[in-house]
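Both complexes below contain chain A, partnered by chain B and then by chain C.
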Partner chain A sequence: MTKKKTAKWVHKDLLGLEYLSKEDIELLLDTAGSFREILDRKIKKVPALRGKTVVNLFYEPSTRTRVSFEVAAKRLSADVINIAVESSSVKKGETLNDTGRNIEALKADIIVVRHNCSGAAAMLGRNVDISVINAGDGWHEHPTQGLLDMFTLRKKLGKLEGLNVSIVGDIAHSRVARSNIWGLTKFGAKVTVCAPKLLIPPEIDKMGVRVTNNIDEALAEADAINVLRMQFERDDMKAFPTQLEYFKNFGITEDRLKKAKKDIIVMHPGPINRGVEISSQVADGANSVILEQVTNGIAVRMAVLFWVSQARDKDKKDEITH
Partner chain B sequence: MSIKQVFTREEIERAITRISHEIIENNKGVKDLVIVGIRTRGYVLAERIAKVIDNLYGTKLDVGGLDITFYRDDLSLVAEQPVIHNTEIDFDIENKNIVLVDDVLYTGRTIRCALDALIDFGRPRTIQLAVLVDRGHRELPIRADYVGKNLPTSQKELVQVKFQETDNEDSVAIEETGNDKEKDSKMGS
Partner chain C sequence: MKLLIKNGRVIDPANKIDDNLDILIEGGKISKTGKSVDAKAETVIDASGKIVMPGIIDMHVHLREPGREDKETVFSGTMAAAKGGVTSVLCMPNTLPSLDSAEIINTMKAIIKNTANVDVFICGAITIKRQGKELVNIGGLKKDGIIAISDDGASVDSDELMLKALKEAKKEKILVICHSEDKALSGKGLVNRGFTSTRLGLRGISKESEYKRVGRDIKLAEESGAAAHIAHVSCAESVEIIRKAKKKGIKVTAETAPHYFSLSEGDLLDYNTNMKINPPLRAKDDILAIKQGLKDGTIDIIASDHAPHTENEKEIEFEHAEFGTIGLETELAVSITELIGSGILTWQELIRKMSLNPAMVLGIDKGTLGVNKDADIAIVSPDKEWIVDKAGLVSKSKNSAFIGRKLKGAVECTIYRGKVVYKA
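This part shows the complex of A and B:
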């Protein structure tokens, strides 16, 4: 039995996968593996974060990410408070930083923030001493989604190195795509992004990905495909005329999968639009790991909550001893 | 800093054999008996005890591995970053007699964590404790049912158990550290 050398975790905040080393990410994925096992127990709870308070501060509507963080925190025995911005004093004009400082004054330990502005979590992290976890900031990053996609891939295929992963959908407006690209490329996976031309952001190739506008090309060599949700409800969604046309050209269907590798893994961050980006047969089919992703998401978020709170405890201890 | 060897390979082997006999004697056989070792070296010891029992009685007992990191009450005190292992108990512990195994019994805090963790898996009929070395200095009301060797130590000393499986040799040694704080930086075994 060889002891694996693990990274020393030093991050008070989790802002994005861009800022983590490969070793940091490996530590999170390994820890998530230990937490994943707890989720299959009769009593799905450990006391690791007992006495800590986690605040979910969501400026954008979100059910699954918020609930996933809430479940994760509760599995670690933390107390959880949800702040939905529609019903809070943000409506009365309070700034993000002021809200954050107030949450800190309420003696919370971790803020999980979702915001429509890229960089919001980073700004908040600079302005409070407590830990900040980015649960999605604008088009920038959604690190825990990236981590859970990587965790699911690694669990299914045993490794990330050398894998061909294709991300299909609205790359331009997708923080999920960016977190996946940052994370996967650090592990030597080969990432392809596939979308209609207008949904490919300029200079995306500088992130080390292959770009294509042809779905069959994206599927041909792929070990896994990550299907993004098409946000047709957005007002600025002018890049593609209709849902039906998108489905015809980019939708993942059984016919298209027939031309791909037989055991290709189909992922989707949810919520899925059946008949828009993915057919029901594929979403519910043998290649789909969409619901496993949801379960794995809890384990990954437990790992993140655990390590950021560890880093902060260390900080506090250093202050006392020095 | 000096290192004193206190247990040789043969002595470790004999202690494990004796503990295995005692476990069987105490439980009047192998019925409903399972063994759970605390990662990392407690698990190695658990597997060895199971092997001895298999040789003696021809019964393969279920062996589980327990990681107690998430149950520790001193996570913020440890100097080193905790290393997290996997917990693998893939059998039902309901109404079983569990022999919990660790290499060194010291403050009793690790065992306290392990008891909490085990009880989250179900309701065993009994939990018994087997250790290779009991070095004293308990901080909690915990005692071992099976002890390889009672080893009087000072808190400045560090007891180091090595196993072939993890460290390429079988030995128990006492290391003089001259540092009272050793207790805090090492997992409170």
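This part shows the complex of A and C:
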């Protein structure tokens, strides 16, 4: 799969980019590159995960991430089962650990979990022997989104090192921001986070990022900008300005982009709130790579599914030889 | 029935003793201390190479009975105490119902009488149902047997009511233990506010929520003249506020728990819910400040804040898990590991903070190895290393933040009122 290096992937789970080395991430991105080519072929399917079962266990509704994983797993010839759990029924229902152990007993191989609680994927990973892929846990991490953003950037600009990447929006509550920060800084990209003061979490500078509350400053040197989805309905936003005000002060518009680098790349993890964090003109404009991100997401998730399942197959072999 | 402890290194801060001595116990009391005590005893314990110290008095323990016997009972909690070298505990009033009435105090006393393996002293609530609205009958409950009051788990938010409680406590000569937390500031927080809360994507609990309330509680203590005790000090700012208050001559004492000088927020990296504690594990700098506070006497007491919770309440998503770690079985070893040897405390000082000081603060005739005192004794191998193993815990709940940790110092034997209640 990879040409350059002898692959050493040892992780049963993918819980976050914080816990991966640069080499780990490089391996995933390179592998995703090979899978990305497959997606442009006529027959978009490889047998890598034939006979394996991937369970999408989603405690939050997220059609796009779930579908992306589903497509990725099917391109690898895996069987896919989707389980959607209503958050409201969690309290009376079985625990996440019990659900995980049940899925394990059903002889599934990989659980892709989306959960509203930070740390949920890590807990599940500790409690089952099968692989767990974090598809977003609370405000913590969304590693495959981070990877696909990095993949998209690297594909567009040829490298990550030295790039100026600005992340704009609700940093405090964003798992996408955290995964991007961990991943990009490992490659020597210069990351700036930009948000109103209330949406900057404490001591985030210790993650190696620059902090600004001024959108023009965030745009000035940026090679790329990652625009986060704003959710004004959440509790924590009560102390916060209105949508209109946010758009006025932080919204990414054509006018603002005019002051930025001409070929600045505009990314968004989706779904887009048009007119809230980004104008339609920008979302659909020449700088936008939003739809490419969606396609790249499949390739990245194929790579992740592939490598975590390799790690488990290796584990099993080790057990037999011992 | 006579019991003789021979050849141990006896450390007794109350009598400024640190010497190889024998201790003879008769009728549950210490009857003789000296070099080569010559007596015929039914039981002789050879304590050569071991430290013989007054049993630990842990003034911050949640025994959960009545109401949550699935987490812990007076019986199981005091078994854990005995294993940890603890011979007296002060049980906190956040039971179900709260320890806020004569009736429930009497129930509690009966449970203790029938099931406790070591001494259990009772801390009553400050307010009815610990709701911070209406004071309990402090004088009445004192007559019923409580020796301190606290709304632990909650702070009395109203300055006016807290002052009233302190004034009443002064009149009744009873200790007020302050759980100093401003809920309006700590809110739905889960871990220390700062890099760790950001990194884990969890709501933060600011240090401010603690030290501002510590400041208020001390100010009200000063105004009332009552004896106030600040529970579970976790951050540098609180230590500094208490230090200044003591310099000023205000009647305040303070306690910290072993996890605040041994674990930091960084240990939470894998969302270990046993490390979800309130107040939360703080930063490395705070650990240093707590140690300094212990060293210079700002912090008088080490207490476990033993807080048992069932697996169902802990082996779940971090934000839904209960706060607290158990601590009775590990508090001495964690303290030895962290404080002795590194020069923070001498043995005399450590033992004082775990037995004599709490006895004095609580006003109980304990914490010494003097003749005619209760024979409450812990015998400890000071250098023995062991690893905290979940299966070895005797507390009904297994939620220890120290599972897997290598500790130095092991309790070999615990004697309570002249009876061996634990033997390794």
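Everything that follows uses one rule, which is that the second predicted complex is superposed on the first by the 308 of 322 C-alpha atoms of A that agree within 3 Å, B and C clash if a C-alpha of one lies under 4 Å from a C-alpha of the other, contacts with A are read in each partner's own complex, and residues count from 1 in each chain.
The criterion applied here is as follows: a contact is a pair of C-beta atoms (placed from the backbone, for glycine too) under 8 Å apart; a residue touches a chain by one contact, two chains touch by 3 or more.
In this text the structure is predicted, and so the values were computed from the model without any measurement.
Visitor: Following the overlay on chain A, give me a clash-or-fit verdict for chain B and chain C.
Guide: fit
Visitor: Taking the superposition on A as described, I'd like to know which of chain B and chain C A:175 touches: first, second, both or neither.
Guide: A:175: touches chain C, not chain B.
Visitor: For A:120, select first, second, both or neither according to whether it touches chain B, chain C, the two together, or no partner.
Guide: Touch status of A:120: second partner only.
Visitor: If you stack the two complexes on chain A, which partner ends up touching A:97: first (chain B), second (chain C), both, or neither?
Guide: Touch partner of A:97: chain C, not chain B.
Visitor: On the A-aligned overlay, A:204 touches which partner chain: chain B = first, chain C = second, or both, or neither?
Guide: Touch status of A:204: second partner only.
Visitor: Just to be sure I read the superposition right, which of the two partners does A:41 touch: chain B = first, chain C = second, or both, or neither?
Guide: first
Visitor: Please give the nearest C-alpha separation between chain B and chain C in the three-chain superposition, to the whole Å.
Guide: Minimum C-alpha separation, chain B to chain C, in the superposed model is 28 Å.
Visitor: Considering only the defined contacts, which chain C positions touch chain A in the complex?
Guide: Contacts found on chain C: 193-195, 197-202, 204, 270-271, 312, 315-320.
Visitor: Touching chain A in the complex: which residues of chain B?
Guide: Contacts found on chain B: 40, 67, 69-71, 75-77, 81-88, 116-117, 120-122, 165-166.
Visitor: Going by the contact rule at the top, pick out the chain A residues touching chain C in the complex.
Guide: Interface residues on chain A, with respect to chain C: 18, 95-97, 115, 117-120, 122-123, 126-127, 137-141, 173, 175, 178, 201-204, 206-207.
Visitor: If you look only at chain A, which of its residues touch chain B in the complex?
Guide: Of all residues in chain A, those touching chain B are 1, 3, 6, 8-9, 30-31, 33-34, 37-38, 41-43, 45-48, 76, 306, 310, 313-314, 316-317.
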